[in-house]
Amino acid sequence: MTTALIFLPVSGALLVWLVPMPRAWVGSTALLVSLAEVALWIAAVAGFGFGSSGLQLEDRASWFSDLHVSYHVGLYGFSLWLVGLTAVVLAASVGYACSAGRDRPRAYYGLMLLLTGAIVGVFAAQDLLLFYAFFEAMLIPLYVLVGVWGGAGRIDATLKFVLYTMAGSLLMLASIIVFGLSQGTFDLVDSGTSGSAWLFLGFAFAFAIKAPLFPFHGWLPDAYRESSPEVAAVLSGVVSKAAAFGFLRIAIAKFPGPTDDFRLPILVLAAIGLVYGSLLAFRAPDMRGVIAYSSLAQMGLITLGLFAANDLGFDGAVLQMVNHGLISGALFLLAGSVERRTATGELSRLGGLARGRPALATVLLTVGVIALAVPLSSAFAGEFLILAGVFRQGWIWAVLGAGSIVLAAMYVLRLISAVLHRGVGRAVPEQTLDLRPAELGILVPLVACLLALSAWPAAVSEHSFAGDRPARDVASGFRAPGEELTAKGALP
Amino acid sequence: MLLASFGNFLVWVVWIAAAFACLGSGVAVVSFTNPFYSALALIGNLGSLAVLYLLLAAEFVAAAQVLVYAGAVMVMFLFVIAYLGGQADAPWAGGPSWQTIGAVGAAAALLVEVVVAIGLKAGGRLSDEADVRRSFGGPAQIGRLFLTDHLLAFEITSVVLLAAAVGGVVLGAHARRGEWGSAAPERRRTT
Amino acid sequence: MITTSAWVCLLSPLVACLAIALAGNRISRRGSGYLATGAVALSFAAAVVAFVGLLGEQPDERSHLSTAWTWLGGGSYHSGLSVLVDPLSVFMMLVVSGVGSLIVAYSLGYMDGDDEERRFFAYMALFVFSMLLLVQGGNLLLLLAGWGMVGLSSYLLIGFNQRRPQAIAAAKKAFVMNAFGDATMVLALFLLVQHTGTLDFAATFERAQGLASNHWVVNLVALGLLGGAVAKSAQLPLQTWLPDAMEGPTPVSALIHAATMVTAGVYLIVRAHPLFELAPTVEDLAAGLGAATILLAGLIALVQTDVKRVIAYSTMSQIGYMFLGAGLGSYANGMFHLLTHAFFKALLFLAAGLVIHALAGEQDMRRMGGLRRLMPRTWLAFLVGALALVGVPPFSGFFSKDSILAAALDHGTYGYVLWAAGLGGALLTGLYTFRMLFLVFGGEPSPFVREHHHAHEGKEGPLSMTATVAVLAVLATVGGWIQLAGVWTPVSDWLFPVAEPLVEATGRQEAISSVLAVGLGLLGAAIAWWIYAARRGRVPRLRAVRTLLERKFYFDEAYDLVFYWPAAAISRAWGSLVEGPLVGGAGAGLGQATRGAGRLTARAQTGLLRSYALAIAASLAVLAVVFISVR
Amino acid sequence: MIRTPHVDWFALTPVLALLGAAGVALLGAVLVPRGVRKPFSALVCAGGFATAIVFAALVYARSAEGQGVIADSLLRDRFAALAQLIVAGAGLLCVGISYGERTRGDHVGEYYALLAAAGGGMAFLVGAGNLMTLFLALEWFSICLYVLCAIDVDLVGSLEAGLKYLVVGSFGSAILLFGSALVYGATGQLSLEGISRAVSAQGISDDPLLLAGLAMLITGLGFKASAAPFHMWTPDVYQGAPTPVTAFMSAATKTVALVLTLRVLVTAFPQEAHLWTVTLAVVAVVSLVVGNLAALVQRNVKRMLAYSSVSHAGFMLIPIAADSALGGRALLYYLIPYSAMSLGAFAVVAARERELGRPVTLENLAGFGWERPFLGLSMWAFMLGFAGFPLTGGFVGKFYAFSAAYRHGWTWLVIVGVLATLVSLYYYLGVVRALYLRPSAELRLAPAGGSPPREAVLQVSVAAALVVTVVSFFAVQPIIDVAKDAAGSLPF
Amino acid sequence: MPGPTVTWYLAVSVVLFATGVLGVLLRRSPLIVLLSLEIMLNGANLALIAFSRYQGRGDGQIFALSVMAVAASEVVVGLGLIVALARRKVALDVDKLTTLRG
């Protein structure tokens, strides 16, 4: 099942590339494949045993045995949600690309589908090397997606993005090798924990860049601004979650000692990122900038939750990952829609779009208020859990977090009023259309997901870890109770 | 006894003469500005080396050295130099450059190192050489070795020579065509 | 039955909101208004059913919790999506849906012709839902959810006129200040979650008793909640957003910024009184803030020229009374004042709305005057509202306000201070209320009025508006009669199971307070008459004081100075000092350095064959030295 | 009467096949009519390499136990057979790349003869069992390569490359020879195993002559492997030589040199491991630094790839320095995808070069990916493979190399390797950037008379290289098994 | 008084080798560079033969003979290259062969 989730999009990509078809069909084929992925995910949810712990929907095959590396995939509750997030956001992005139209469709859609497969693979991988392989494989399509279909400054942006990311992930590779060889296996399920601070830092560094955490976000503004909106949506909505997932599945679960030791510095960075991102979002001159920096802030928040390292923090972090993925995806797609109409994202040249365009106004407003975590929204639920969790590590984190709620209100409202309200901006033509049905068809499902989550955030937060005790689940390495560490791969 | 020591004395005399001739001509090769003289000096070098080979009981090698090396190879050399005309360059001209300093330094360092290595070794066991039969180094022994244990080396040598010959033909053959960029597009246009 | 009706009450406005939003153009503008009105009316009906249902039960059984599903869970902490039906919530449900349905109905007329009517009614319905969620929520988290949602709908409605920059700015200001309150509240909730592990009312209150000895925790919890209450209810020091919020349409001001939302702070204190009672200092602080607000708002109201702003300041001031009462532990009196205030303040706003409507949107009192003759019925309604506000018997304000003052007398020395402040407030109330009344209605019609006044088909307004005003006028008159302190106390009795009062004023205290308050109120009115109607006196020329009042005690400037400018400065500084050079520059610098090193390396590749050989020879020399010396 | 020794002809079959092909091609240069000379000699050469592949595979299959041929002057074992397989495969692909080369002119027969002869020399060299055959075989293929480099006698660049290669190469060979002489003098042995035996028998592991000789041997071998600081001929020669020859050199010469380095050091000098492991580690680091840094600033693609081959020498010296069976496995594994990628990359360069009629730079590579989708995609894959991205064997190769270093206790070497990879990304991705991200409008070369016909043969070669590159990622286990057996021939 | 020992021969061979190295590193004429390479090879040959004598084994001489052939091959190819370069009117100076650099 998990294998199917990974390779359905990949085979879709091959289909798009290899089977001759009219140009016009390419987009719809890709869309169909990504919708099929969503359907497959729903089937996976239906068959998922949320009550039981341990790895589910597991597939395993040896890759190379002398170093005990295997193709081992499977899902936990939280990975299931992240996979779902991937499927949904990617489907929306592909749909958006269809509606916007992209040059060189075969290459484009093929890469999008490949990206889908790679991201799902990251969330499903249970072998460190496989994880790394998928983690890197994400970059391959992204590099071209940003670099070819991006804006004017795309080339520098891609380069920055890739070099930053690789700087982290290559150190992670070093850590993986050392960890895997010293454990005798690269399997995440079979391997035990480690107390090495250096290894932990290797992993943490990679994830801190990917997320990104302050001050490793040098690539973020350019990448989010220069890529096409749907790719930015994927980047900030889904790809950044790979980092959070890595923190959870590897850095925290495999390095309990160093996690404790480095909690303070990481919490500090995350909190700085939260405040810093919020303040810069408040100052950003364009829509994408606001969303980009708010992403920085949100990833800081998620990291706070993860490194709170308690029940509330873990549950909240997973919930917030899903939330932020949907929100940020929807916001970037909206930014794209606005940019298509006005040819600019600069806030000073926008304005007055609400009047006469109720659909745009409603959707942007809805996503916006969820983004600023108005109580009763799913984002609020996530932030509440995270901050309640991190509160136990020290009141200051929660105070900073709560302060950032105020800042979030400030920058989101600034964004909304700058785009929708005030006088009609210079860049807004009189005959600017409202959201078209095709765009609504993409955005409304995203908003619906958010509203559904707002009505029932516990759907994610209570079904991410086994039982009531996420912290114990994490500490036990996500094993079912009674399942002992099998030393299959241990070297003599 | 006396005869033996006289023999050794004679060996020393020959050795010293040959060694100095060898080194002198070596330095001359490197120092002459005209390649023609350098080549001539190399012939002298090869000849004096042949003498040293004889002293080391390598008669066959010595003979081959004179015939093949000093004879055939160097003649080819001289032909080419004559064909090209000696273009002189002054090795020490223009004062010492970093290349010169580095060259002298590196060569001296290598010399000193290996000499030190030999010296360290000689302090140990390098002085006593093995007793050898009279046939050592003779054509028969060489021939046997070449056809038994070192058959493959022999064969390879022939292949190497053949390859070099082919190379000489390829490189020396006359064929005039244009350069990159200028000729190629022209050709394309005509086709 | 009771819980079902509570769910109906809660959800019917939400359904209306979603229906209007989703229907889009398929529903007429009018239709959306009717839909919203009907939905809110249905809520009211359901609230009445719940009320009747509760009446039929024993007082100590009047509490029903109904949970739909677990809304949020994390670890062992769970919060249900649940409604609580008990006397307090039913009381608030009645107020909210009752006044709400009246005001939504009023809007039918007020908003007629606006081309974004649908949006307005959707927002209104959303607000009513949010407010009901606030009061019905079965745990503190849902209370907070409603708390935030009313802030959101308030934001949406204040900024309803999207083209007006002031409206947008006011909306943002309101939201951000409320977000600040939300933040302090959320922190209090974190403390509670940490120490009690739950946010369900009953369980939290019960377990919080165990924390009584932990002064820090209980004080901080109470303080956090108070922060939220103060922000929402526009009390000192977070009061500045409310006057600006008058940028919203008048029905919005009536519903949200007078009758319901701004009083949520009082509801919160009453609802969470077990927590506040653990922290008497904070309770005193609440009362003190209320008292200070009474005076401050009353003073500022004296110099305002915008009719709605005057009413807004009076709202702040009146809520100050409620805070005073709730802070003192006189919960039922606070709630009672909340009820009567909802009536007469809505009345005042709606009547003012009639005036504004008739004057094509003009709100400046200095351009009004003489409207008494043009709009006599409106004048009457306004007068009723004014009298109720000032607390003149037998109008409703009298019954509720004076009980609060009396309760202050039962609170020691601190109580006397508060009492005095309250009495001062009464004087100010009379003064600014009647100043407004005389300025708007008194004298001859000003040139502006003559030019702009237009009758609505010969009447003072559409039926939906005038009828509502009439109903409210009646309620403002008789609404107070359901309780007379010490004699006839159905309200206190009703709320007793939920909020047992801490203070009980004696009859003598009641009497003294009443007499003084009424007297001072009338005195204020008389002074107003003296200056503004009879024009015999003049306002003293105290330039400094006047400026101080007109600048609203410089609160806005202070906040800009303390919060906004530093934040903006930090943001700018980080943007130019950290983001560019450090974060962006670190990567770029490393890249440049690497490329520079690359250029150097490539330069070493000179193309000179001899240097290549030299490199080999030199490396060999080094290698051999190392080998021979290390061995 | 000389008793001729028994000759194990079977062990020689790969070499003989190539020599035979060379001979037939040479005859063809004289006898076959000019018109069919090119297909004839190409076919003969390809046939020779194909036969060599078959025989090498057979030798591999039948040489589970290593044995010497003719007084151990040649070793018949799986190690040599595998290396012969790689060399012969590289030669076969090189024939495909060479076929379309225009400037071959009159010497086409000699070209293929020399190519086959060079292949034969390499095939011999990897089995060389004593220092004499080692030196001779080295000269054998070197002389062939000197000529091949210069075979475009009309181009000064080609001649310059040839002369530089010849002079510096002979210089290196002379050093190697002198080193051999010193080792011979110290031990009295020429055969590799004999040296090791003599060293332990006489207890002369600290003998200065032996060590000086070892230093010289390492220098000579490092020269052939183009490891820094013995690498400086590489960029010039690679750039100046005809591209197919460069392709062959970069794949085959490197393979042979590294394989030989491993064999010589492990077989003959196990007692000096404490010296040469560290030396090779340092050489690896220098290669990584120099190769990567210098490659950063190159515009000429061939020159850039030359520096990249220097840095790859560094990468592949890491497992040799590890001096372990794992290291041997890692090296042999890595060589397979590396050779394929290298050949493929130069093949693509050759294709572009033939289109443009001028040297390929990053500028005039612009838009190539869109014009030639297959070649572009392949080049992309090769670059990613060089950079060690997943989905290519380059990733697994680096992983194994680093694993070997870590097993040897050299985590620092892993870190250096990882950082070098990071730097290398810049220029590898620079190629991808040129291929896809830059619009081809920047290209002002629109060849007159339309683009030249596509070369099926070259495309097939590229496809084969691509298949090897990608398949080696998925089918790690079989390749590693083979490499394990091959490395098992060495006395670790 | 014994005759000169292997050490002496070795000394000569090393000096010869170093002279050759010096020639390659210093001279700009490709012809003289080739000659210097020959000197290096001859230095090595002398060492081989000396060691062969010292060890009493014939294979050193075999090696030396093969080296001669190799040296001849190198000369052939080298001279061919030089001639080809000269035909291209390239100055016979290795320092001027710098079209490939950087």
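Should a chain be cited, it is by its letter among A, B, C, D and E, assigned in written order, with residues numbered from 1 in that chain.
The rule is short, and it goes like this: contacts are C-beta pairs under 8 Å (C-beta built on N, C-alpha and C of every residue); 3 or more make two chains touch, one makes a residue touch a chain.
Just so we're clear, the structure is a prediction, and the values are computed from it rather than from any experiment.
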Label-sorted list of chains bordering both subunit B and subunit D is C, E
Touching subunit C and subunit E alike are B, D
If you tally C-beta contacts per chain pair, the winner is B-E
Greatest centre-to-centre gap (Cα means) from subunit C is with chain B
Min distance from chain CA centroid to global CA centroid: chain A
Taking each chain's centre as the mean of its CA atoms, subunit A sits from subunit B at a distance in Å of 69
The distance between the C-alpha centres of subunit A and subunit D, rounded to whole Å, is 43
Subunit D to subunit E, mean C-alpha position gap in Å, rounds to 26
CA centroids of subunit B and subunit C: separation to the nearest Å works out as 101
Each of the following residues of subunit D touches two or more other chains, namely 132, 136, 139, 143, 146-147, 150, 153-154, 156-157, 162-164, 167, 171, 175, 182, 208, 211-212, 235-236, 297-298, 426
In subunit A, the residues touching two or more other chains are 163
Residue numbers in subunit E touching two or more further chains are 6, 10, 17, 20-21, 24-26, 28, 33-34, 50, 52, 54-55, 59, 62-63, 66, 70, 73-74, 77, 80-82, 84, 94, 97, 99-102
Pairs of chains in contact here are A-C, A-D, B-C, B-D, B-E, C-D, C-E, D-E
Residue positions on subunit E within touch of subunit B in the complex are 1-12, 14-23, 25-29, 31-32, 34-36, 38-39, 42, 45-46, 49-50, 52-56, 58-59, 61-66, 68-77, 79-84, 86-87, 91-93
In the complex, the residues of subunit E that touch subunit C are 21, 24-26, 28, 33, 94-95, 97-102
Subunit A contacts subunit C in the complex at 160, 163-164, 214-215, 217-219, 221, 276, 279-280, 282-283, 310-312, 314-316, 319, 352, 354-355, 358-359, 362, 365, 369, 372, 374-376, 380-381, 384-385, 387-389, 391-392, 395, 398-399, 402-403, 405-407, 409-410, 413-414, 417, 420-423, 455-458, 461-462, 468-471
As the complex stands, subunit B meets subunit D at residues 113-114, 116-118, 120-121, 126, 143-144, 147-153, 156-157, 159-160, 163-164, 166-167, 169-171, 173, 175-181, 184-185, 187-189, 191
Counting only contacts in the complex, subunit E reaches subunit D at residues 6, 10, 13, 17, 20-21, 24, 30, 33-34, 37, 40-41, 43-44, 47-48, 50-52, 54-55, 57, 59-60, 62-63, 66-67, 70, 73-74, 77-78, 80-82, 84-85, 88, 90, 94, 97, 99-102
